[in-house]
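What follows is a set of structures to go through.
Same chain, two partners: chain A is paired with chain B first, then with chain C.
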Partner chain A sequence: MAIGVKVMSRPDSGVSYVRATLKGMVLTFKHLLQPRVTMQYPEVRSTDDWRIATRWRGTHRMLTDAQGRSKCVACGLCPQICPANCIKLVPGEDEAGNRYPLIYEIDEFRCVFCGYCQEVCPEEAIHVGVHYENAEYSRERFVYDLERLSAQTHPVSTLWDPSDPKGE
Partner chain B sequence: MTPEMKGFLLFSSLKMLAVFTMTMVGVALMTLMERKVAGWIQNRPGPNRVGPTGLLQPVADGIKNFIKEETTPAAANRSLYTIAPAITFIPAMMLMAVIPLAAPLPLAVDFTLPVLGRFVYTGDLPMVVADLPIGFLFILAFSSLGVYGVALAGWASNSKYSLLGGLRASAQMISYEVALGLSLVPILLLSGNVAFSEIIRNQQEGLWYIAPLFLSFFVFLISGFAETNRLPFDLPEAEAELVAGYHSEYSAMKFSLFMIAEFAHILTISAMVTTLFFGGWDIPFTSWDEQGGVAQTLATHLAFFAKTFFWIFFVMWIRWTLPRFRYDQLMSLGWKVMLPLALVYIVVIAGAIWALDVLAPTISPTARAGALFLLNLPIGWGVFFFLDRGRIVQGVGQRAVPIRAGAEG
Partner chain C sequence: MSTDMVTLTIDGITLSVPKGTSVIEAAKQAGIVVPHYCYHPSLPAPAVCRMCLVEIEKLPKLVPSCVTPVAEGQVVHVHSPAAKKAREGVLEFLLINHPLDCPICDQAGECELQDFVFQEGRAGTRYGDEAKRWNPVEDFGPDILYVTNRCILCTRCVRFMDHVADDPVLNVSERGDRAYIGIDPGHRVDHPWAGNIVDLCPVGSLVSKDFLHKARAWDLDKNASICTGCTQGCNIMIDTRDENVVRLRPRPNLEVNRHFICDVGRADYRWMNRGDRVEAPLIGEGDRLHAQDWDVAVERTVAALAAAAGDAVVLIGGRASSETIGWTLQALEGRTVTAAMKVPMGEEAPLAGVPNLALRRERAANLHGALLLGADAPWEAALTVASRAAVVVVLDADLDDAEVEALRGAGIVLHLTTVADPRLPALRAVLPITSVAEEQGVFVNRDGRAQRYLPAKTPPGMARPGWWVASRLWAAGAPDRVAPDTATEALQRLPAFSGLSHRDLGFVGRIVAPVGEAAR
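On to the complex of A and B.
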């Protein structure tokens, strides 16, 4: 035995290595015959056992009113609260004095999906959505403008409800 | 050149082509099978994206390996670094040449081709590339050549991980080579021949050697695992401590050659277990397969394939069951258990065969093998008793006793 090797006091009573090996082989063979549990992702996106939670915070979505205009009034709360500083908002004002966003961009790459923008929004305009498949081929494509945010159709996140902390 | 020589050359070339193709395709499918079995044992489906149920995965892997960039470490010994994969790959490919794949095919052909002339072949065509009279000695010699490639790959890469992997591989393979070789001596004693065809014929007359030579089989199987560097003995490429061992620095097709060699070794070890201990291409409980003919050749080939397939599966099954040995445990198992066991077993079997020859010289081969089998029962029991520190007979699958008293919450 080499110098400095600590010899452990291993249990040597009541232990059968041959038996343990055979038991292990039986176990692995049983697993070999069991049904596969992997969800075949691109084909199957949700099952009875697994579906995306309603309070999932994913790709943003801007809601629109009945006339198809963005609900956003460019109050500036969301860029103010955004911890990742990923929302770019340039406010504008029409003849009637209504504020609206001239530019509204969210960089989904910088976003940490905390959901504060949805929580802080007084008009319930910007939302985080129940959606996660937002891969792109270039970094630029991750900057969603107002038109693209409004065009999203996925359900919006319910966020965390203090009265129902486990989401049941 | 006589027509007979030309006929021999023609059929030998055909057999070489067939065996090489079968080995390469088999290796490719084994890489898929390994990943499938790994997946199934972990309740996953395994690779299933390329082709129907993932069947074309080896093709995709092959194409990937061909078009990947070949890298050479800056300070590597370039010539040795390049030649090492070939040194590992070529002996691994040569091993299948001596293993009989099916019953001999009786042939009587006489035909004339334009330009090439007349070809004649009469007699039994052995279903093996080279029916060498030195049989498994050839396999022992060539399988141990692979260690040069591994050791050179580790040394030439100029990387500490590769070097350690290469050193471990050489030490391990040389250690277990001894036990592997000695475990085959009882076969030599019992069959009186090292040629595979004779060994198979002996097993057909008596019992498969698994019965009369069970401990040889046990030592051979374990040494075979160590020789192929498979789990639980894959210390040369122990990824937790050595990155990937001796092929850490290799990429693309050079790396692929190491993988092919490893899988070809598994194939050879499985085929050898089949041939030496499970009757080779013999179909049990019938002598129909010994009559010779096309149907017999095909059926015996299927039997050989099924047996080999089982042992390939067994190797993979063990891989996903047992964890890796510690290096000193590996060495003490090899030198302190397997080697003495093989030596003592040679003495016991030699004595038993001598006693049988003296006491009952006219006994039938089956009865002789049966008597040896009865002798194996107490020896096997004793060996497992010793290996298991006397626990196997108590059994009952007790829980391990905690080292510290009161450790259990």
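On to the complex of A and C.
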């Protein structure tokens, strides 16, 4: 079967390109005079006009107490609520006999960043972070263990506040 | 209607119950759970918690339903506004000093205080930032911690030790809001049945050291089983987390163990998590064992059996199911079979308050099943016969060095087992079978009661139930034989159980042998 070919009727002569070029240049020079909206990322990461939302939900951070120990008590609520099943928790005891996680790992690749873990945490230990730069050289590095989660320094998410739905 | 029955109405449901029943039990039969803490069906009721208050028409005040007997024509309101208000008040008082440590409390998820507060308690507290009473955690006994702060003083543990265990070492010390459960100076809660106070405790006040911080209640898969510790046959639940057995708990069976199990049975679960299990059938070729698939393994084993004409001996471990024992004997039909179960002996530890309940001396779960099925030879006699028998089948029995030595003279040895034993001589086949935690089966206890247990975890590798392996060996022996496909079919086809199916046994079991007949 023959393939149908549509023949366009383009004028091949008698039309000047000068007019179209000028039109394009007018647009270009118009933008040259307008205020700049592009941000020079990564040199500039936020400006007065634009910064990342405080309720952004990014990679996790575990908060620590005054002694620098994780606040987690291994209650098991975050692995229970996690819809992506990305939190691995093995409870145990620390030296003082308090309940403490022996293993606490979050697979950030599996995580869907819903923030339920932060909402459910009774100790305000695990938080989703205001953070979005996560490049690594290997996939394994995206499984954050307790030490790494506690070492994160980025701010934590405020999550959505029902009394202030628009974040004003 | 017999005169011994009383008809009453509970929350609009009219029912008849035997005279003398308490209102709380009658409500249970009507499908209504009256919130309660101090009441427990296996303990005397003191009505101290005031949680089960209900309104009964024509009575001036609310009454505790756990100690109020039913009466003809009674009209009970469990969920009337007055009763609910009273219970809400009780809960509020209980919560004044109860710590908010549910995240680290082992009872969270199966806590009756959580349940009933969620059901009928106040949404908020009226106490603000006032400090709560604080006491240190106390070490009560070998496996028991007492977290004083969480205690709601229901006194179930005190009453269990006083009236059931008959070892009154616990008491309520101090008065009023300073009261706590005290232990007599110089004593420990080390009665062999003391672990039950952990189950009885409605909150997380008495916790097991063994289970402490191991798993949350909602992580656990719970399966009905039978304790393998002794011939009593206590009903238990096997709680597993990620295919690992983490604890055993009693399962109520008023005919056998009421609500209790002993501490020996409670601690007897670590063997269920063994990692060194046989995972594939191993068949002897020359002086080595080679892994084979089941078809080849059955074929070679049957060939080895056929080549070894003569007497057979079956040495059985105490945890073999009735199906497994029955079909192993069936697989050896046509020979003179001497079968015996190895029964380790221990001290008897009775529970004083419950008749006919004790940790028995014979520490083999299915001893009476074995006797019923004809595996009734004395152990030493069987070993003597085994030393010159043509075929010896070791059915998941733990043999000591002397017993292994006694098998030196045997023709061929078949090992149906969970764990391989390299000491066994003349091994022709090691056939992996499932353990009690991984199969469905039936044990017969010392009263002749057949009770079934259910699988709690997946078997390792190619392991199959013992009856499956034995019946395949039997079926491969002649062309017209059909092996059973299910455990219940395996049981039904054993003459000793006369067509009884697993479903017939239900969850309380059934007497299959008259009491005493199965006794040695």
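Just so we're on the same page, the second predicted complex is superposed on the first by the 131 of 168 C-alpha atoms of A that agree within 3 Å, B and C clash if a C-alpha of one lies under 4 Å from a C-alpha of the other, contacts with A are read in each partner's own complex, and residues count from 1 in each chain.
Everything that follows uses one rule, which is that contacts are C-beta pairs under 8 Å (C-beta built on N, C-alpha and C of every residue); 3 or more make two chains touch, one makes a residue touch a chain.
For clarity, every value in this text was computed on a predicted model and none was experimentally measured.
In the superposition on chain A, A:Thr28 makes contact with chain B only, while chain C stays out of contact range. When the shared chain is aligned, no partner comes close enough to touch A:Leu159: not chain B, not chain C.
Of the two partners chain B and chain C, more residues of chain A are touched by B. When both complexes are overlaid on chain A, the residue A:Leu63 reaches neither chain B nor chain C. Of the two partner chains placed by superposition, only chain C is touched by A:Arg99; chain B is not. Residues common to the contacts of chain A with chain B and with chain C across the two structures: none.
In the complex of the two chains, the chain C residues touching chain A come out as 102-104, 108, 212-216, 218-219.
Within the complex, the chain A residues that touch chain B are 1, 8-19, 21, 23-25, 27-29, 31-32, 34-38, 40. Contact residues of chain B toward chain A in the complex are 37, 39-45, 48, 317-318, 320-322, 328, 384, 387-389, 391-392, 394-395, 397-403. Across the interface of their complex, chain C is touched by residues 73-77, 80, 91-93, 98-99, 122-123 of chain A.
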